[in-house]
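Structure, as structure tokens:
Per-chain residue numbering starts at 1, and chain names A, B, C, D, E and F are given in the order in which the chains are listed.
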């Protein structure tokens, strides 16, 4: 059966789409969108791609329409989908703060805690999750589905509180709101259909996908550093280097110098280089990495 | 004479322009377009650059107005130009399908093969080539030059068939057409004037250009891979590595491990890394390459 | 006191802003602009960032409102600010021509030298510097502050000459003007407040900033080159290599070949590679560098 | 109480927004959107404006959050809102075809009528209405809420049919679909809260709003026509003129000619003018109208 | 036969398209372009519209594929089409200079007159016309079809002269060229197929089209002027008014004043109003006109 | 002398430019900007146009480089220019609030009145005016020229207060500032050189310009209203009509009705029409006006 050797992969449409396609390219798979064509092309004969809204992805993975897909943890929970969560995919951004769904009220309102909202109206795109949260907490509220622009609803007098996603809270505050509780922290996840996960071919394929995606994500925060070091300074230099991986050392041609090469976190380079320089390292170069496994 | 030490190079205007300038930059030559200036600046005192439509390039190379240039094989044939084809320059894209000129008819028309079009009207931008194709096949047709938007001509009732360029056929199909024959597969070529090719200075210069352009193009499909390998696993790892070039091996400082570095096709990395990982390779990193000669 | 361990850094707004933020990112500091927030975020707890117009930067560094900042040499002179010039930061561009303030007149006017402008009206944004230049030369002129679009003033009949900044002179010529004198060559400089420069913490911090900024700028013009060389060809190859830094040499696994790695100026690669190739070097690869210290 | 002399008006966000604001401007009310302000400003001290999604408007009018508002008939039905429908507001467009919600299936599917979809899955944004339609017809189907890009769902294999809004059907066809039934014809309506409609101040205000909106809409399809007519041709001309309103007639200064002025449907002008011209009318001019009451 | 009561009208694609559709709208016909549909919709059951490149229009009108169409006089001549020229349609623009095809050479070349180009190469998009022009003048030249960017050809050394269209000559001069001769003045024309012109239904329809198009074009340069005049000033005012059409005069209610209304050229209003004002006219208003027949 | 019959008019560059050119077009003069040409074309042989920054306009009018020009009252005062202010030109906008220069401080600062700023630093683009204001009030302050983004200076800690232009104060508040005093209310003015104002030709020309500009500005807030009224309702209707100008009344053909036509303020139409309608007026139409003198 054809399906046995073919993995059906779901790519999220919309806000995650460009970042996802860029990550796959770094990982070794080129995905090409065609205008007016629903199935993006991928350069792997063992995979077929589909575009799918993040909100709906887990449904299609659960039903087996797709074998695996990328989507947010929030929407998996909202859909109560029974799927295998293979791994978290934490896209590196300037801010390392995760996206989170928060409960927010008018800044000048008297509400301080979720229980203060008993009997009130809450607008959100994440209805199901929100209902469960409040019923689990024994707080009776009216949860109303919002078609968007949710942040405006409280100020417009259309809801008493909202449950909305945010990273820094800036947009929430800009709408005159105050966050009173964090309900859910979310990030992208790679999920698989339960039956597909039992199929050896599909599972191996998904695991390779995951290894390469993780390798590409890890490389975003790391760089290669190479320098020439006088042999007698080697112990001091070695003591300074972070122990992430063993450095690669080679002899320079006709000289009592060594070549040292390491992989380090990009963030420490600006502190490390001045110290290496002070200890006598020369010809220090830094270069970018595509993947680190 | 000044011309003796000066190469006149033609850069194609239009759809190939940005890709060509980017390729030259990767190859070591910066070309700078000036608003309202016909001759782009190039940072090599032995070259003068001209912009030229791809359709007309081979004419000017044939006549000696230019010593060499880049253009499509299709337009060289259309112009029946007598030039030296120095090399193919296959720009790497997501799709590896070459551009091709196809014969297309209305999807719901009865035409199945070129000979079914005897006596019919065919619209195309590649008139000369198309006429020769049909007369060579002994099929009498009326070939009409199209000023553009050729795909629409059949549906508009203005032609019975078209000859048009396409990569995937998507646009053709989107216009309600059906491809019945592939007439010509095309790609970019570096061409030279016959007399310039006999001039030692110009030939050497063109060959260096070609070597660097090919080096930059080749690098697009290749990456560097570096890893640490336990000495006893070396034979198994070596057996796995593609024999493209010999790997560079060095000893790790105070350890029974080796550092192994190779250049491989980007496309196989996603298959190779999991196997290397299974065999015990550690600290695998992948990095990008500018040129591979 | 908090200020003792905190460096107040000024980033120039406007035309230099994007290039400056990109350079800091390459150097190891991520600066993030917030909509409607005056103080950009920087991922270093020992630095606070402020945005400042390049024209006003040196005033605030002189007064100690800022400890250090980046701005143009021209505006430091215009403001006659008493600050420490730590280093020049020469951003690499296609053109290596420095920006310069020139004295320009109508192309068809009789003026040939600055002294021909005695008694005339000169429009410029660099009023103070221009007044000093002419009074130093003993030439009486009327200098008038221009609110912008200065190049048009001569043709519009609103001034007899202008003092304006240019790189190639193209815009000057396009407005029908002729340059009769270069008054000042300018570039970006890192400047420090005199008292901050005496503070050991701040000075060390500024010096590290400078080392990393310089390392990132230097890397823009350099590339790494790696190749395999037969051992007997080594002397000839070595003779060819530029002596910038000593090459790193290692033995290839089970072969009489050496791996040679060097850092060279990007501009000579296109000449160097063909020669290395002729001498027997193989598997030549070129890769990009983030920093070179 | 302040509310007694204040009308709360809802303006639809999104696709209807610009057309609505333009219509109000023509009608005599200037509505000004403020960036980051939820309540648009309106130059009438007796009205407060709110922005509201068309999908949600009728809910807020029903509940009295708003006294009146503009929205689509479709969303009023979807919400089963108990409101007063004051008037239809038929915005004039090039096409006079009303927007309609249609049932569409894959062009190459076997489904011909709604009943052929028994047991099938239908995707739509108009869930409630669609469920009622099918249950009213006694056809058991599964109706699934679609988050958008509904037209693509059938080709993507995610639904058997869709219910979607269209004017000309072009987009439906472009997605490879075939319309098998029209379920609902819709247009913009001015609706009022039942209690507000009983309040004399609010009702008078809503009726004035409606009179002016209708006057502006009517003017879009009408023009003024003015011409000079010889007195003896007057009966023939009068017989030709449409009887919409009585023409205004005046005598020309010192001549046996009359000036005739009428208001006519723009669409008939191209037929009417040639006939008037044939009958001897001269100096025929046409001018635009802002309002016609 | 259906064709008997249906007029097939061609609308030019490209640079004339928007202006043409706007003119038809002013004239009483709304044309609506559909994305991915080749036949624009027109709100007249007796007309079918087709889009057609201006360059190809006259061919299709000549062959009867279209009954009539709008295109440039230049392309009708280029195609040597045997069609009926119904009328010139002179679109009013800021500049009243007609477009013209000119013969241009390098500004610093020795060529002064067409005959100086004997034996030279001329590039143009208007090949056929250019060949006839030179052969008619007995001047042997080589005429070469240009794919566009013709102005650049001379400076690029690809042609000795060009024949190109221009309004003000500005672009020609900006490319370093000098005009040595005007070959053809052109404007938009309404053309008809010869057989269609004999068909009474089609001819009447084309004539009505022409009357309304001319009426809308004429209105662009005219405005309505209305004022109140004391009866005794009437002779002086009348003497001042241009005699284009007789003014419409009516009595003001219970006053010895007259209301005077005229249609005048927009360009004279700024001179006329001050004079009317000086003579005692009051309440002078100016309003726009859609059509003047 | 040429100048005797030629008026040199200055048009402000920048934020006022488009509105000014549009106003001149409504007034009867078409001004056409040419790319790379300093002198815009105007369709009046007695006027030459120049573009000039609003900040510098009054300098050139004072010196006679220009005869007249449009600029802001604020910059005339800043430059202390000795010119004739011909008239105010109040462009109609949604908001009728005039632009004003205000003194603003940090919202949370203790400053309440200008005198609280004694000894403080004030940043502004209107240096000269600000210095005079404070010295006139006997308050010693340091005024510093701001190169732009002045609103940010207080929050950035670079100034204690600012003097900046605003209409509604929204931007000021959005930057966390509080207005403590209005220093100057400003609007566009038409100014003339003193000598040009004595020249009869130039003065007449400027007065005509002014009359037409005022006429076009006035028309923006007015509309024409025309209706049919039964003769016996005439007194009641007349009592209702605003007395701006006498209405134009004519008899309807063969009926006991009158045609009444008036010019009224656009803003009252929505109140007036319902009343006219209640009194029996029929066929009420409203139309736009280009000019009202």
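The rule we apply is simple: a contact is a pair of C-beta atoms (placed from the backbone, for glycine too) under 8 Å apart; a residue touches a chain by one contact, two chains touch by 3 or more.
Here is each chain with its UniProt name: A, B, C, D, E, F = ATP phosphoribosyltransferase.
These numbers were taken from a predicted model, which means no experiment stands behind them.
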| Suppose you hop from chain C (ATP phosphoribosyltransferase) to any chain it touches, then on again the same way; how many hops at least until you reach chain E (ATP phosphoribosyltransferase)? | 2
| query | Taking each chain's centre as the mean of its CA atoms, which one is farthest from the centre of chain C (ATP phosphoribosyltransferase)? | reply | D
| task | Would you mind checking which chain's C-alpha centre is most distant from the centre of chain A (ATP phosphoribosyltransferase)? | result | E
| task | Consider the two chain pairs B-C and C-F; indicate the one with the greater count of contacting C-beta pairs. | result | B-C
| note | CA centroids of chain A (ATP phosphoribosyltransferase) and chain F (ATP phosphoribosyltransferase): separation to the nearest Å works out as 54
| query | Can you give the whole-Å distance between the Cα centres of chain B (ATP phosphoribosyltransferase) and chain E (ATP phosphoribosyltransferase)? | reply | 45
| message | Nearest whole angstrom, what separates the Cα centre of chain C (ATP phosphoribosyltransferase) from the Cα centre of chain D (ATP phosphoribosyltransferase)? | response | 60
| said: Measuring centre to centre with CA averages, how many angstrom lie between chain E (ATP phosphoribosyltransferase) and chain F (ATP phosphoribosyltransferase)? | reply: 37
| Residue numbers in chain F (ATP phosphoribosyltransferase) touching 2 or more other chains? | 36, 250, 287-288
| message | Going by the touch rule set out above, what shape does the chain contact graph take here: line, ring, star, complete or other? | response | other
| Mind giving me all the chain pairs that touch? | A-B, A-C, A-D, B-C, B-E, C-F, D-E, D-F, E-F
| said: Residue numbers of chain D (ATP phosphoribosyltransferase) touching chain F (ATP phosphoribosyltransferase) in their complex, please. | reply: 27-30, 32, 34, 43, 208, 211-212, 215, 219, 224, 234, 238, 245-250, 258, 260-261, 263, 287-293
| Where on chain A (ATP phosphoribosyltransferase) does chain C (ATP phosphoribosyltransferase) make contact in their complex? | 94-95, 170, 174, 223, 226, 228, 250-253, 255, 257, 259, 266-267, 269-271, 273-274, 277, 282-288
| field | Of chain A (ATP phosphoribosyltransferase), residues touching chain D (ATP phosphoribosyltransferase) in the complex | value | 13, 36, 38-39, 50-51, 53, 55-56, 60, 65, 147-149, 152, 155-158, 174
